[in-house]
Each structure stands twice: as C-alpha cells, then as structure tokens.
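Below are two complexes that have chain A in common, paired first with chain B and then with chain C.
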Partner chain A sequence: MVPTLKDIMARCEALFEDLHFNAVKEWKAAVPGRKAIGFMPVYVPREIVHAAGMLPVGIFGGGDQMEVIQGDAYYQSYICRIPRSTLEMGLTGRLDCLDGMLFPSLCDVIRNLSGMWQVLFKDKYVRYIDVPHNYLDSVGGEFYIQEMQTLREDLGRIAGKPISDEALNASIAVYNENRRAVQDLYAYRAQKPWQAPTAEVYLVIRAGMVLPPEEHTPLVRAYLAAVDLEDRPKRDKARVVLTGSFCEQPPLSLIKSIEMAGCYVVDDDFGLIMRWLLDEVPADGNPLEELSKAYLHRSAQQASKFDEKKEDKGKYLLHQIKQGGAEGVIFAAASFCDPALLERPMLQDILSKQKIPYTAFKFAENTGQMAPIREQAGTFADSIKLWSDA
Partner chain B sequence: MTITTIGIDIGSGAVKTVLFRQDGGNIEWLAKRVERIRSRDPQELALAGYNEVLEEAKLKPADLQYVATTGEGENVKFATGHFYSMTTHARGAIYLCPEARAVIDIGALNGRAIFIDERGKVLASKMTSQCASGSGQFLENIARYLGVAIEEIGPLSQSSKDPEKPSSICAVLAETDVINMVSRGIATQDILKGIHLSMASRLAKLLKVTGINQGTVLLTGGLALDTGLLAALREELVNEKITGIEARNHTDSISAGAIGAALWGAFRFDRLRQLEQRAAA
Partner chain C sequence: MNTTIQMTPAQPGKKPVAEVQKEDAMLLQKEMLNANYKDLASAHDQGRKVAATFVPGNLNELVMCFDFARSLPETNALQNGMRKKSGKLIMDAERDGHSEDVCTYVKSDLGMMLGGEIGPTGEKLPTPDLLLLSYTGCFTFMKWFELIRQKYNCETVMLHTPYQGDGKITQSMRDYIVKQLKETVIPTMERVSGVKFDIDRLRQYMRESAKAEDDLVKVLQSAKNRPSPIDGYFGAVYYIGPIFTAFRGLPEATQYYDVLRREIDERVRNKKGPITPDGEMLEEKYRLVVEGPPNWTSFRDFWKMFYDEGAVVVSSTYAKVGGVYDNGFRHDADHPLESLADYCLGCYTNLSFPQRIDMICKYMDEYEADGLLINSIKSCNSFSAGQLLMLREVEKRTGKPAAFIESDLVDPRYFSGANIKNRLESYFQMIKQKRAVAGVVTAH
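So, the complex of A and B:
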C-alpha cells in the first residue's frame, strides 16, 4: 500500500521525537549481533560504518523536549548546548544502544567531547575523525585515506571480519542512491517551496539519521510522491537560504516560525551530511581513494571546513542562493557556535558586496520564545518583498 | 490597470477588514469592517469580514488580485500573502495621514513606536516589553473594575483635575494600585487620567528611542481613538521635551494595519506582474 503523506510525516515525527532511539534498538534486535555507531554533525564517511554491517546513527542533540541536568556539569556557561544534551543522553542511558561514537573534526568543543566520551564510556568504541586541511591528493588525500583506513580496520575488528573493497563499493552505491533522493527532495522544495514546507523536509532528513539508507531512500521518494499530490496554495513569500545550523539544530517550532512569518526556505544546511558530497562517488574503483577525492574536490563548504583559497570563501552559499533562486539569506547559528559565528561576518561581507540582503540571529536547540524570531523573519521578508531592487 | 485587494488585520482584540481598488495613483476605499473578537474564532471572523466587504462592494473573489493579511493573520487560508504588522501600520498611517513620520500602534496587547519615511518605509521601531500595563487590554480591565464603559474612558480622563499615576508599570501591581486608589476614595476620572499618563509616558519614551524629533505622529490600533490617551500623550511629549512632534489620530486609525496590508498587497501584485513580464521577455 502506498503510504499517505500523513503516515509518512507521522513516522518521521515519531522518529524525530524519540530520544531513546527505539528505531535503532529495533534494527539491532531484528538480527542478533548487529551493531550501531553514532556520529555527530557535520560529516563522517558513513559508507565505512555501513560496509561493516553496522547502522550509522546521527546524534543531533537533545532538542527542545529534553531537560539537561547532568550535561551542564561538564561545560561552562559559554559553550553551546549540543554537547551538553549529547552528554545528557549518554549519561542517562539513552545512547546505550550505540556500540560506538564518531566525533568529526568540527570544533574544539566536539573534539573535547570525544575525549570525554572515551573517559566516561570506556566500554564503547570512540573515534575522533580528523579531516584534511590540504586538498592535494598526495598530501591531504593520503592523510584522509589513512584516517579512513584506521576506521575501517577498527570497525572490521568490532564486526568480526575485515571490511572488503566490494562491501565498501556496495555501500558507496547505496549512499549514492540516498544522496540522489535527498538532492531531488531539495530540488523539489526549491522549485515548489509551498508544496514541501521546510518543517516537513527537515523531518524527512532527520529520519535518515536513524534509519538505514535502504529504508530512508524509499521514504524520501514516497514523501516526494505524496506531497506532490497535495493541494497546497502558493503564497507570496520571500525565498531565503537558511545557513549556520549545520551542527546544533534549531527547534522545529523555529523552522515553522520562519516560514509562517513570510519566508520560503529554499535551501539550508540542516543534516548536511546527506548532501555533503556533491555528486556520485564512483562505486567501482578504490573505495577509500574515491571517498577521499569526493571529500577533497567535490564536497560542500561549511564553517568548520578549511577554505584553501580566500576567494573560495562563500562560494557554496552563493551557489545555494543561485540554485534556489533565493532573494535573501537568514544566518541562524547556535549561540556560542564558534565556527558559524566566526564565519558569519566573512559571509555577510560577501553578500553585502553582491547586494544580497541578509538577517542574522542566534538560537539554542531548546529556544522557546518564537516571537522575536517571527518578528525578525517577518520584517526581513517584508523588506525583501517591498524594498529590494528586484 | 485596476488592482482590487483586501487587507485583513487580525489583532488580539478585533478583526479589521478593508477592500481597496487602485488604478495607477488613484486609490479608492470600497468597504470596511471592524469586528471585536469577543471569544470567537478570529479565522472565522476573518472569513466573514472578507465575504461582507466583497458583498458590500458587489464583487466576487475572482475580482480580487491580492488578499493580504497582517497581525496574527499568518494562517488565514485564503490569503495571498502576509505582511508584518509594523510594515502595514506604517503604510496605513501614510494613507490616513500623508504627513505622518511616526506611528504609535497601540493595541490590546502591546504598544509600538515606529519611525517612518514618506513612502511608509520603517526606519526604526521600538516595542513595549512583555508587561501588559501599556496595553489596551489592561485599560479595558481597569475600566471594567471601575464600572466605566469603554467609550466613557476618554472624556472622563480629560475631565480629571488631579490625576493619580499608578506607582508601577507592572500590570499586576498597577491593578493592585488601582484597587488601593478606589479604597482611598480617588475619583474615577483621576485614576483613568493617571493610567493614561503612565501609558503615554512609556509611549513617549519609545518614540524618543526611535529617533524622531519632529513631524506628525499618528496613533493607530485599537486605542487610537481614546481621546484621553491622546491628550495624555501630548502632555507627556512636552514633559519628555519632544516638542517638535504633533500627535494625532484618525477616525479610521483602528483599520491602519488592514489598510496597509491592502495597499502593500496591490504593490506586490504589481511588482510580481512586472517580474513575470520581465522573465517572459
């Protein structure tokens, strides 16, 4: 039976709200011996985890429904919320279903969290995933292949059998298909944002953080098919790119508020891992080499990723604006997010030179007061609609 | 080209609906409705207002080019677009009073000072904080305690000889203050004038922060026709040494948001049409 939009959204919402990760537990229980590995934003090579027969699970913080008590004891007040709520989930047993955690090279806070995880959860596999800051295949590429090789060997050991090139290539193909589906979803929303509101698109993306890609890809396709049948009126709203939320995620109510206030979000950087690699990774070559080349030469830009040349700064954002037909940019970064907030003035300078309007605010994953956000997004949308040069 | 638009302003106290027709620079106001919410569903009132103004002007929905909402009207299903209330009050004020260079929008829940230019573009704004004591709802509650009808508030306040200001800007404490005043035998008109002065003092300070120091300020929103508040504001502008500003109201001040929405709706329709023509060319 073809699932209805209501069914699809109910499922995505349930997965999003479940901070006990029952979907992961069910996946593991279905076949004895299965293992799940958690990862934090922004990017890890999930293909390696998948090729080991394990489930990669995105850990994107505790959101606005979880009270942080123990997690606060580990961080100063000037640190963002996602490490606190992630620790809270770990310390309260919510992440017991995970057999390991991967901490990508994102910022000092997440790097330190990887060390804390090793101390606090000694029985779990913990790895800090370093990434190259040199984009030559012979330098950064070699380094990154070594990093991935170490992860491959570690996970092979945990799985009880080495990860073969064939298994890796098969996983690359699975993720290529998933990425295509997600790219189609984003392209559809950019074309018809009134048909696919960002609050829904976001939930579909978040579902992919806990579902295996073989299940998530058809879910994305089913959403696209179902939402296209809906009769949703097109409104006169300003088309915006929302950027800066690549790690700690805004509450769902904030995303809804922005759209309600008069904006159509035509691109964003939520769950960027799903679109981090910009195109197909060849699934018939040396898998680690191909993953490395994709990272070095064909991946998205974001604040924690080193820009080799000054003129490269902001290229991805400008591409998002052009591709999405956006009229403005909303910088929405988590409070105390060093990468996003340090990058912001540089990106704003680029937008100013291009005469692209923007507005900026900060949030926390548990932000509850939406009136100021609505006011800011609403007046920004009005300024674009009434006073822009277009 | 003739552009016919409806503007709907869902406030916290009333739903205002207006119907306009524009042809070039010629603007014609065809119909209006103001309906107090009184515990009813604002969405239903918006639909009723929409149907009524259409009926009054003998038009059909197909004759409309744009239905614009403002205030809490984001979820009105038949709307073409929504504008933020500050934007619409600014435009509505320019329509009602072309010389206005500032707006004080004071409704049931809060007050806001908006500094504007001659096109109705917002240059700066400042809103009252969360406390409700600067709002129409607060004034209405006090009038009810005092047994005064809403339309009597203004004239009574203006007859005061010895106004008694509440000691706090907190609505809860101010209400307690009023109870104490009643038990101390303070005259009703002095209590009302005291409250008006307290509210006006906050509004004058907001106005000062926006940076306007000369020109006309138009009162809009549900309390705009309260003559007692207008008189108190004029006094407070003098007290705050903002002497270059003249405060005024307009008989249709309550509909300023809806008017602005309808006019901006026409502007957007025209702009979108031009963009489409440019894209087609």
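So, the complex of A and C:
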C-alpha cells in the first residue's frame, strides 16, 4: 500500500521525538549481533560504518523536549547546548544502544567531547574523525585515506570481519542513491516551497539519521510522491536560505515560526551530511580514494572547513541562493557556536557586496520563546517583499 | 640573520649572568618584546616582509629562514589586555558585527585593526604579507585568519595539524605535516619572501631552540623544590614569552634561558621563594597546579590574590601551550621537518582530553601539589570545553581538592575580582582543613 503523507509524517515525527532510539534498538534486535555507531554533525564517512554491516546513527542533540540535568554539570554557561544534551543522553542510558561514537572535526567543543566520551564511556568505541584542510590528493588526501583506513580496520575488528572493497563500493552506491533522493527533495522544495514546507522536509531528513539508508531513500521518495498530490496554497512569501544551523538544531517550532512569519526556506544546512558530498561518488574504483576525492574536491563549504582562497568564501552560500531562487538569507546560529558565529561576518560582508538582504539571530535547541524570532523573520520577509515590489 | 632583540651578550670567563640576574625576568621580557614591536613597525620600511602566526605550533625557526619579521596576534591581544586597551578594542569589533559569544583574542585583534593597527606599544603594526595559519589546537585560529584575509587580502597558507584524538602521534599525521611543509608552506614562504629555503639555516636555529628548551624545562621543573623558587603560572608567563614567540631559535633567546636558569638555580640553593610584583614571597603555604590561561586585564590583581595568601603555582598547563617540553620533546636539527611536525602535534591544546587529565595528575604528584585550580576562560572552548569533567577526574584520581573559577583572557567585563577572591579564599581554607584531617589521620 502506498503510504499517505499523514502516515509518512507521523512516522518521521515519531522517529524525531524518540530520544530512546527505539528504531535503532529494533534494527539491532532484528538480527542478532548487529551493531550501531553514533555520529555527531556535520560529516563522517558513513559508508564505512554501513559497509561494516553497522547502522550509522546521527546524534543531533536532545532538542527542546528533554530536560538536561546531568549534562549541565559538565559545561559552563558559555558553551552551546548540544554537547550537554548529548552527554545527558549518554549518562541517562539513552545511547546504550550505540556500540560506538564518532566525533567529527567540527569545533573544539565536539573535539573535546570525544575525549570526554573516552573517559565517561570506557567500554564504547570512540573515534575522533579528522578531515584535512589541505586539499591536495597527495597531501590531505593521503592523510584522510589513512584516517578512514583506521576507522575501517577498527570497525572491521568490532564487526569480526574485515571490510572489503566490494562492501565499501556497495555502500557508496547505497549512499549515492540516498544523496540523489535528498537532492531531489531539496530541489522540489526550492521549486515548490508551498508544497513541501521546511518543517516537513526537516523531519524527513532527520528520519534518515536513525533509519538505514535502504529504508530512508524510499521514504524520501514516498514523501515526494505523496506531497505532490497535495493541493496546498501558494502564498506570497519571501524565499530565504537559512544558514548556520549545521550542528546544534533549532527546535522544530522555530523552523515553523520562520515559515509562519512569511518566509519560504528554499535551502538550509540542517542535515548537511546527506548533501555534503555534492555529487556521485564512483562506486567502482578504490573506495577510500573516491571518498577522499569527493571530500577534497566536491563537498559543500561549511564554517568548519578552511577556504583556501579568499575568493572561495561564500561561494556555496551564493550558489544556494541562486539555485533556490532565494531573495535573502537568515543566519540562524546556535548561541556560542564558534564556527557559525565567526563565519557569519564574512558571509554577511559578501552578501552586502552583492546587495542580498539578510537577518541574523541566535537560538538554542531548547529556545522556547518564539515571538521575537517570529517578529524578526516577519519584518525581514516584509522588507524583502517591499523591495521586490518596489 | 634578522636579530630582533638586543641583549647584553655573555662575556666569556665572566659571570655574564650577574648583570641580567639583577634584572627582573619581567623587565627583560618586556624589553625583548618591545624590541620586537620596534622591529615589526620598521620592517616594511626596511624592505622586509612580515609573517603573522599563532603561538601554539608556531614555526619560528622556519619563518626566520625567510627573513620574515614575526607578528603574533595572540601576543598583541595579550599585551593590549595587560595595558588595559583590549576592552575598547573588543567592543569596537562587536560594533563592527562580531558576536559577543566568540573568542576575545580575535575581537581584540580585529578591533586593533579597525583602529588603524596601532600596536600595544603605540607603534603602528604593519599589515602582514603572509598569514601562516599554523592550525594547532584551536579551531578559532582558522576563522581568525580567514577574517583577517577577508579584510586585508593577505596571502594565507594553512598548516593543518591533526588532533591527537587517540592520544598518540601516528606516522600518518607526521607525514601529513611534513608534506604540507614541503609542498605548500615552504614554497609559499619562498615566493612571498623571495628568499630561498636553506635547510641548514633551519637546523642551526633548531640547535639553538633545543638548548633554550633544556633550560626552560629546568626552570619550570625547579618548582619541584620546596619552597618553589618560581611561580609556574604567573611567573612562567614571563619565562615562556621569548620561547613561545618570535625568539625561539635565536642565540639571544638561548642566552636568556641560560641566564634565567642560573638565576633560578641560585634561588634554589638559597631556598628562596618566587619573586612577585611585591617582592619575594616569604612563606609558601599552598602549592597549586593551574589549568587554563590567565586573565590579562587584571593580571597583577589576580596574581596578588595568590601570593597574599602564600599560594604558589608549582605547575600549569598554560606554560605548555606553545610546546610541551617537559615530556622530553626537543627540536631536533637532525630531523628538522619531522621535528617541527612533532612539535605542532604535541602542543598542549592539541592533546586529547585523557592526555590532558593524565598530565595534570602527573603534575599534582611530581610537584607535590595541594590541589588543582581551573581558571576557565569564557573565550576559549579549546581549553574550557570539558574542564568540569577534568576537575572531577583529577579530584577522583588524586584525592586532592580542586576548585573552579571563571574569567576571560582580555575582556575586562568577565573578570569579577571580588567573586574570584572569595572563591580562592574558601579554596585555601578547604586545603588547610584537608591537611589538618590528613595530619590527624597520620598522627594516629
């Protein structure tokens, strides 16, 4: 039976709200011996985890539903919220279903959290995943291949059998499919944002953080098919790109507020891992080499990644704006988020030069007060509309 | 050779130390620093190029091979902090659109640039010809130089130091750094400076570095004595100045450390305590290990809260921020590039969290400390994120009391003297009580 939009959204919502990760537990229970490995934003090569027969699970913080008590005891007030809610989940047993955690090289907070995890969860596999900031194949590439090779060997050991090139290539193919589906989803929303509101798109993406890709890809496709059948009113809203929320996530109500305030979000960086690699990774070559090349030469720009040349700064954002037909940019960064907040003035400078309007605010994953954000987004949308009408 | 400081040379046969020994290390350090600012201010007039780079993982020996004058933006921020200029600079940067949430070193630097790049000593600093992004132990560094590049169009070259996530240096990490040096960093420096790379020149600087490093370690480890002849935090920031900045590799720096070591040896022989801004500390009541950078805007007041109570810092992690030498690492002229790689990889903030905890526990033991004090810096996630776990772990492992205070590097808005003083006083009381209890237990 073809699932209805209501069914799909109900499923995604349930997955999103379940901070006990029952979907992961069920996946593991289905076949004895299965293992799951968590990862934090933004990017880890999930293909390697998948090729080990394991489930990669995106851990994107506790959101606004979870009370953080123990996690707060580990962090000063001037540190963002995602590490404390992630620790809270770990300390309260919510992440017991994970056999390991990967911490990408994104910022000093996540970097240090990798070591805290080693201290606090001694029986789990923990690895910090360094990605190079030198983009030569013979320099950064070789280093990255070695990093991935270590992960491959470690996971092979945990799985009880080495990860073959064939398995890796098969996983690359699976994720190529997934990337294509997600790209289609984003393209669809950019084209008809009234049909596919971001609050829904977001939930579909988040579902992919806990579902195996083989299940997530059809889910994305099913959503696209179902939502296209809907007859939703097209409104005169401002088309915006939302940027800066690549790690700690804004609450869903905040995303809804932005749209309710008169904005269509036509692009964002929420689940960037799914769109980090910009095109197909060849699935018939040397897999680690291909993954490395894709990262070095064909991956999204992001605040934690070094831009080799001044001229490169902001290129990806400008591309997002152009591709999405956006009229403005909303900078939505988590409070105390170094990468996003340090990047912001540079991007704003570029937008100013291009005369692209923007507005900026900060949030925390448990921000409760939506009125100021709604007001700000509303004023921004109005000003864009005024401009375009003028 | 581009000597950046002038110091009294050692006279063979005489005791060259005597003259400098009389000097307060602080004064001497100040002199060196001022000389470097002068050097920087006149560099472009003299047709020299300027390179800016960061303290952790700085490649001073290599940079000197290309005759660059050397600017260290962190040191500029620190100096502006000590001279009470940073508060305004930070607010200027915030008015210019920089978030109140991010590192104040960056904002102090950007604020200084907005104000016409007048350096801490009042001289105009040149716009760097090259930003050497020695990306070691802190993500903010990357954004910092991207921000400067955005404004001033400076050429930027990245040296990415991988993080010791697993608590070890692998050959792949080392190779990665060496390759970056060979394929991008050195060619860029050759091009910008117009000077050809000479590896023997590098070796020569490194030999000098190693000598100075030997002496620095001896100075820092002198704090194992009772009483400690130095303060390993407040005093150490003066001792590490030359070697962590533009002077490492110069014979002048080697000489400075030789002089300093002799002076400290003398203090050990005479069983003297550390020199503080108010004179020699007479009674050592508490021995502490400190984690985290100091506050610069109220540096003297902060230090006074310690020495007034007879508290001496016997060891600090901050004194290892520009290189951990007490674990045996030395710049090695026989393997110059590999050794530069190991240097970058081994800087304190590039160590994994468990390594940092081990290091502190080791210091607590070897320096017979009474406790650990963490000065948590709002600006610095690299240091601060996770320090509360560090506190618990060290307490658990050593059985010694630990305390936590919060301040900032150069933002005076985040230094609350009264709160910190109260916290310290009760901490010292706690140590005293612990000792009394331990005394009773031993007496039985």
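Heads up, the rule we're going with is that the second predicted complex is superposed on the first by the 387 of 390 C-alpha atoms of A that agree within 3 Å, B and C clash if a C-alpha of one lies under 4 Å from a C-alpha of the other, contacts with A are read in each partner's own complex, and residues count from 1 in each chain.
By definition in this document, a contact is a pair of C-beta atoms (placed from the backbone, for glycine too) under 8 Å apart; a residue touches a chain by one contact, two chains touch by 3 or more.
Since we're looking at a predicted model, the values are computed, not measured.
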Fit or clash - chain C, chain B, common chain A: fit
Chain A residues touched - chain C or chain B, whichever exceeds: C
Touched partner set for A:R235, first chain B, second chain C, both or neither: first
Partner chain in contact with A:Y128 - chain B first, chain C second, else both or neither: second
After the two structures are overlaid on chain A, angle v-u-w for chain B, chain A, chain C in degrees (C-alpha centres, nearest 10): 100
First (chain B), second (chain C), both or neither touched by A:A73: second
Which of chain B and chain C A:M260 touches, first, second, both or neither: first
Touching partner for A:A303 - first (chain B), second (chain C), both, neither: second
Least Cα gap, in Å, left between chain B and chain C after the two complexes are fitted on chain A: 18
On chain A, positions contacted by chain B and by chain C: none
Footprint of chain A on chain B - complex, ascending: 66, 74-75, 77, 79-84, 86-87, 121-122, 264, 267-268, 271-272, 275
Chain A-facing residues of chain C, complex: 96-99, 101-103, 106, 133, 135, 138-140, 142-144, 146-147, 149-150, 153, 156, 158, 160, 162-163, 165-166, 170, 172-173, 175-176, 179-180, 183-184, 352-357, 376, 378, 381-382, 384-389, 393, 406
Interface residues, chain A side, partner chain C - complex: 73-76, 78-79, 83, 103, 105-109, 111-116, 118-120, 127-128, 130, 132-134, 136, 138-140, 142-143, 146-147, 303-304, 306-308, 310, 313, 333, 335-339, 341-346, 348-349, 362
Chain A residues touching chain B - in the complex, by the definition given at the top: 233, 235-237, 260-262, 375, 378-379, 381-382, 385-387, 390
